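Just below sit the structures, each encoded as structure tokens.
Shared between the two complexes below is subunit A, which has subunit B as its partner in the first and subunit C in the second.
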Partner chain A sequence: MTKKYLTRYGDNYVGELTEAEIRQDIEDGTLDAADRGQIPAMSQDEMDYLYEIITSPQKIVSVEPGKEVVVSFDAGTLKLPTRNGIPMDRLQAVITQERALASDSTELCHVDYSYKPIKPIISEERQAMEQIQLMTTIPVLYGAMPNLGLYTKPDGPCDNWAELLPAGKITEAMEAQEEAVEHAIKDIVFVASSMIESGADGINLDTVGASGDADVKASLEAVRILSKKYPTTGFEVGMAGEFNLGMHGELTFDGEVLAGMYPHKQVLMAQQAGVGIFGMAVNTNSSQSLAWNLARVVTFAKETAKVATIPVHANVGMGVGGIPLSIIPAADAVSRVDKALVEIAGLDGL
Partner chain B sequence: MSKEDIIRDAIESMHKGNEKLAIEAMERAIAEGLDPVEILADGFSAGIREVGDLFSRGTVFLPQLMMTADVMQKVSALVDKEIASRGLTAEKKGVMVIATVQADVHDIGKGIVASLVKTQGIEVIDLGRDVPVETIIERAEEHKADIIGTSALLTTTLNEQKKLEEMLKSEGLRDKYKTMVGGAPATQRWADRIGADAYAEDAGEAVVKALALLGH
Partner chain C sequence: MAVTHESTAGMGGIRSAGDLVFRMELQKMKINEAKKYVAEKLRVSVMDLADCAVMKDLREELNIGTVQSRPDAGVGIQTKFRIAELLGVPINSVDMFKRQAGL
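== the complex of A and B ==
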């Protein structure tokens, strides 16, 4: 009887696959990424090593000593109090991350987690940052999403391009996005400046591109302004997906069309803008196996790390980076993803 | 001009979102006595499905996709007019009610599915986002829908698709409708588990599955 290995699928379903099936999924996954990104596929040695990682008999795997990497966070102070329901405030959450979980860095954020709604509560956020900085030593970033959707009516001043586009009002939809970009840049610069002046060690722009290429444009332009204004501050940009969704389609940054860019091109734009850490994201396909998903992620990550001159951290949370879509990501899958991204793709952090 | 040339032009017009080229191709087909429905299916529909695939790969962007969908609707109107002039009635393949489930506000993907399905001669009633199961069923009954399509992008809202199946069963309505599920956490395994009739990974597949559910 052919031996089967316990593995997972992108929807967290636990299944068993044979060696041949896993090897085939690895090959299909890397070829899919290579085809989409027009980048090299994994070599046979890399695919063999990935196969070893996936079929390791250990429940949890780890990197070899000396290959450890740092971690950075998005939604930092949402994780313990909000998502895990632990009754603690944000200061306690940061201290717990520093002293109990030994995090390398963390992020202060608000439950609304978008730059626009932070404006009216900026004084509270500044106070929280100052207090945290007085009691901690790890780098504490301030983070939120650009979230361009919040600038559409009735929540904001711009017409809703998601309604205009299906109605065939293409020009109006593009103009509405361009208008939202200008509002978002102002808000991001305002909030980030306030938080930096309150002691933030860095600024994180999270889930960039969730509202399409205009979201990316606003984020990059804001970082360009901020990095000139605060040249010693670090800026991290974490992406929403593996390519910039072309909701506008013609927006550019430094002359390059942003829509359709995959991670190895996104990172070039990010570093030109002044970003210090690039958080690449590759979407997990819930129907495919861990082997297929991880081969794809490693292929994109390897090329991104190769072309980048800044550190690249992979988004390895629910539904991205090959991690299955489950509320509590499975440790076996998470540790395999982490090991492969560090040891095969050569990423700088997670 | 041969049928193959017209079909090639029809596909090209979809790729370019070129209304002039599309209308000319269909008018030529009609002038040469070809079956406009066949040209619509083999040329324009095939072309728009290819554009949908390119969109999912980040090669084509949303404005182009929407522009193509708009051109497709104009070509479909021309076909309807031609069929009517021959004393026939244009075939409406079915009615689909589509919604993003309650507590979920992600509707970009669902909107694209609605736009593409609409181009295939299926009437689409788009209920928007954050729609309770009760409302979905109510509107499906009101519009005498053939298909109910639901989208969920969150693991926390995915269960609404199961709730829909259960409510349809408890109200004795399950056999009246075909159900389709989609959204990032949905899979064929999920569809099988909850008893949905079809799962579609993206807009292109949604079109194929919707047509199959309607027997086309």
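== the complex of A and C ==
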């Protein structure tokens, strides 16, 4: 009887696969990424090592001593008090991360995790940052999403391109997005500047591209302004997905069309804008195995780390970076993702 | 999940030197360059940076904060004054403290 290995699928559930099936999934995964990104596939040695990681008999695996990387966070202070429902304020959450969880960094954020709604409460956010900075040693960033969708009517001033596009009003949809970009740049620069003035160690723009290429454009332009204004402050940009959706389609940054860019191209735009840490995202396919998903992520990540002159972190939350699509992803899968991304892809952090 | 990331691949924050290496990544240094820079500043090997045995003693000696609360030891902003000097990088909250305190 052919031996089978316990592994996971992208939906977080256990599955049993043979050596041949796992090796085939690894090959299919890397070829899929190579084809989509027009980048090199994994070498045979890399695929063999990934197979070893996937089939390791240990429940939890880890990187070898000396190969550790640093960890950054999105939704920093949303995790313990809000998602876990632990009754603590944000200062307590940050100190818990520093002294109980031994995080390398963390992030202060508001429950409405977007730059636009922070404006009316900026004084309270600044006060929270100033108090937290007095009490902490680790770098504490401030983070939120550009979230261009918030600028559409009735919540915002712009026509809704998601309604205009299906109606065939292409020009109007493009103009609405261009208008939203200008509003978002102002809001991001205002909020980020305020938080830096209150002592933030850095600014995180998270889930960049969730509203498409205009979302990316606004973020890059904002970072360009901010990095010139605050040259010693770090800016982290974490992407929403593995390629920029072309909701506009013709927006450019430094002459390059943003729509359709995969991580190894996204990072070049980010470093040109002045980004300090780039957070790449690759979507997890919940129907495919961990081997298929991880081979695909490693292929994108390796090329992104190779071309980047700035640190690259992988977004390894629920449903991205090879992590199963579940709010409670299995630790055996998470640890294999971490080891592969650090040891094979050569990423700078998670 | 954050705990899994930290334990399988993370540097261990102020248990070791993860916070210091992260500060150098914010300055656009890639991981190996950041580790080498911090190791040279601390006068330890790169391997020591994630070793809590070495780093506990060194952090206490330098008074730059550990996970344990101790009497007569710096916490928070006090530790960042020393870290800014040690690493040779500006820290926004330290500069702000100096402005507010008229230092």
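Here is the rule we go by: the second predicted complex is superposed on the first by the 350 of 350 C-alpha atoms of A that agree within 3 Å, B and C clash if a C-alpha of one lies under 4 Å from a C-alpha of the other, contacts with A are read in each partner's own complex, and residues count from 1 in each chain.
Operating definition for what follows: contacts are C-beta pairs under 8 Å (C-beta built on N, C-alpha and C of every residue); 3 or more make two chains touch, one makes a residue touch a chain.
No experiment lies behind these values; they were computed from the predicted model shown.
In the superposed model, A:Glu178 makes contact with neither subunit B nor subunit C. In the superposed pair of complexes, A:Tyr262 makes contact with subunit B only, with no contact to subunit C.
The partner of subunit A that touches more of its residues, comparing subunit B with subunit C, is C.
When the two complexes are overlaid on their common chain A, residue A:Ser198 makes contact with subunit C while staying clear of subunit B.
When the two structures are aligned on the shared chain, A:Met247 is found in touch with subunit B, with no touch to subunit C.
Common to the subunit B-facing and subunit C-facing surfaces of subunit A are residues 318. Contacts from subunit B toward subunit A in the complex involve residues 57-64, 66-67, 69-70, 107-108, 111, 114-115, 155-156, 184-190, 201. Residues 9-11, 13, 36, 162, 165-166, 168, 170, 173-174, 212-213, 243-249, 259-262, 283, 285-287, 318-319, 325-327 of subunit A touch subunit B in their complex.
Of all the residues in subunit C, the ones that touch subunit A in their complex are 1-15, 18-19, 21-23, 25-31, 34, 46-47, 49-50, 64-65, 67, 69, 75-77, 79-80, 83, 89-93, 96-97.
Only residues 60-63, 65-66, 68-73, 79, 97-105, 130, 133-139, 196-202, 232-234, 276-277, 308-311, 316-318, 323, 328-329, 331, 334-335, 338-339, 342, 347-350 of subunit A touch subunit C when the two sit together in their complex.
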